[in-house]
Amino acid sequence: MWRYPYGGMFLQGIFTTIHLSLLAWIITMPLGIAIGIFRILPSRPLRFIGSAYVQVFRNTPFLVQLFFWYFAAPLLLPKPAQDWLYNHVPDYSYWAGVAALGTYTASRFAEQFRAGLLSIPRDQYRAAYSTGLTTFQTYRYVIAPYAFRIIIPPFTTEFLTCFKNSALTMTIGVMEITHTAYYVDSFTWHGLETTTAASLTYLFISGCVVLLMRFVEKRLHIPGMIARGR
Amino acid sequence: MDLAVITRNFEFMLGGLALTIQLALITLAGGLLLGILLAMARLSPRSWLYYPASVYVHFFRGLPLILVIFWIYFLSPVITGRSLDEFLAAIISFIAFESAYFAEIIRAGIQSIPRGQAMAAHSSGLTSFQCMRFVILPQAMRNMIPALVTQAVVIFQDTSLGYVIGLREFLRRVNLVDAREARSVELYLFAGLVYFVFCSIGSLCSQRLENRQERDSL
Amino acid sequence: MIEIKNVSLWYGTDHRALEDISETISSGQTVLICGPSGSGKSSLLRCINGLEHFQQGEVIVDGVSVQAPDTDIHKLRSDVGMVFQHFELYPHMTAMENITLAPVQVRKKPENEARDKAIEILERVGIPEKAFKYPGELSGGQKQRVAIARALAMEPKIMLFDEPTSALDPEMIKEVLDVMIDLAKAGMTMVVVSHEMGFAREVAHEIIFMDKGRILEKGTSHEFFAHPKNERTRLFLSRILI
């Protein structure tokens, strides 16, 4: 199975998975943070937008969203844009995948972010204000570093979920790891090896990400604060 | 917006929903059962229970469900020599996969009970089994229910992955109609809406249960 | 009744909770253990009913060695009652159910017999009317009394108390101590970890002072308060006795 060209295809698949996930994550982070913040702002309309976003994207299966982006979304554009899309964008399935994955994961991340913000005891704010810090300073020196450390575990799990969900883009034709495995299998009938290789790749990358995050967590650990009880 | 396309094919698509619900319920039952066993194994001091269970849980949590489905569907014929019916393959993969998630929820629930409770139970002579049965599990179950309901909602959504092996559940049917009629926008919005309705109901139940819990424990 | 022989207990490689503890407690005696936090008092208590595993030494309770491989630990524990600092009542059960759970499940008593006994004991601790209330509906003092009732329901030969009043509001401490004093005067063998010196003076036959895993001083209550021999003991006493 490692024989050319399959080895090469497989590596290509791995790269595709990785950069697809990363691109989606680039969308997810700011979007997720924004939505998370919307949901706890005093302004009602913004809160509603935030909640609505999360509800819609969390209550529909990712596959449905993916199909929507790939099949349905182009049809919503005006005709000239559609033509441009179909004629000039070579890998539309890839970009549909990025869009779908990005927006979906953003809704999940928003929830985690919001939970993180809410878990900071209000007394922290009060303590900071009582020593005369302005709102901005409070957020900058007290809240943000605190929140940052709380966020790390959910950050990891969401990234890994994003990474695993990238596999679903195979349904619209993206040649990432799982699809490549399937594809190679159809040529060689060595399904067992390809799927094993695919599984190992996912596990390996997940493992690396988890180890990396543990390392980061340890380095940023505040002594005495409840980190991850082991 | 041609909504007629939805009404014309309504019956066909909804038939898929029946299958979806079936899949979800069976997976829920099987996944919970296996999940409980795995959780117990992961809490056990016996290595021969702990390590295999841990490997199982980490393995299935580290892979995409779609890959698991492939494993089961395409590879079991190789091992057993027979080709597997799609429905069965889907059920097996779903149960195997979701049980890993249930196992973690259950384990976390049990570990959230303060140690003092177990100590009090043991100090009056109750065996570990009795302690688990009368003291720990009843309390843990109450804590876990919101998370379990959320996972059930996830299962409902994950049934859509039956699509990849051609299982004629709801999404597959919507997709088939789309291939024929090409009214993607209406159809996928419809699909989204149906899932949305079901899952929202589930999430609302979970929220209500969570709120009730907070009130009870005050 | 209880023999503790050269018991040592450590966690990991460097945290030694108990260092070569030896002590004998006869039937009917009430012994109070006091000392600063971290001195190992609670660990010692938990060694007596096998809730804590010690690495060296022996503990013999009523002729049975606690860590011997052929010991039926569940039987031993049913003869030793324990009361905890944070009560540890089962929140999902009423007081009655809390009390009857062990007699029914361990001693296989019939439900109605267990219930009658439970009411009897609740009367003894002064709150029979709370039998069907949940722990969430009880005050701290009432919860602890239910906890004591729960332990007494197994008709133990020995009662162990781990800082039973430390988590209580000052007003409720008396009601719990009164119950404990009654028990002591009725002849129960009791080992109590506590700082309640009033209680000690009234019913304790012996007081043990521990620090850093060792017994530093022991004596009758009279000797202990009037003539503490150890410097550390004196320091401790001066800080807690106002």
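Labels for the chains are A, B and C, by order of writing; each one numbers its residues from 1.
The rule is simple: a contact is a pair of C-beta atoms (placed from the backbone, for glycine too) under 8 Å apart; a residue touches a chain by one contact, two chains touch by 3 or more.
Please read these numbers as outputs of a predicted model, since none were measured by experiment.
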| note | Taking each chain's centre as the mean of its CA atoms, the one lying farthest from the centre of subunit B is chain C
| What chain sits nearest the middle when you go by CA atom centres? | B
| note | subunit A to subunit B, mean C-alpha position gap in Å, rounds to 21
| query | Measuring from the mean C-alpha position of subunit A to the mean C-alpha position of subunit C, what distance in angstrom results? | reply | 53
| said: Rounded to a whole Å, what is the gap between the Cα centroids of subunit B and subunit C? | reply: 46
| request: In the complex, go through subunit B and note every residue touching subunit C. | output: 114, 116-117, 119-127, 130, 134-135, 138-139, 142, 217-218
| Which positions of subunit A touch subunit B when the two form their complex? | 55-56, 58-65, 67-68, 71-72, 75-76, 160, 164-168, 170-171, 178, 181-182, 185, 191-192, 195, 198-199, 202-203, 206-207
| subunit C to subunit B touching residues, read off their complex | 46, 49, 51, 74-78, 80-82, 84, 86, 88-92, 101-102, 105-106, 136, 147, 150-151, 154, 160
| said: Could you list, by residue number, the parts of subunit B that touch subunit A in their complex? | reply: 59, 62-67, 70-71, 74-75, 78, 153, 157-158, 160-161, 163-164, 171, 175, 178, 184-185, 187-189, 191-192, 195-196, 199-200, 203
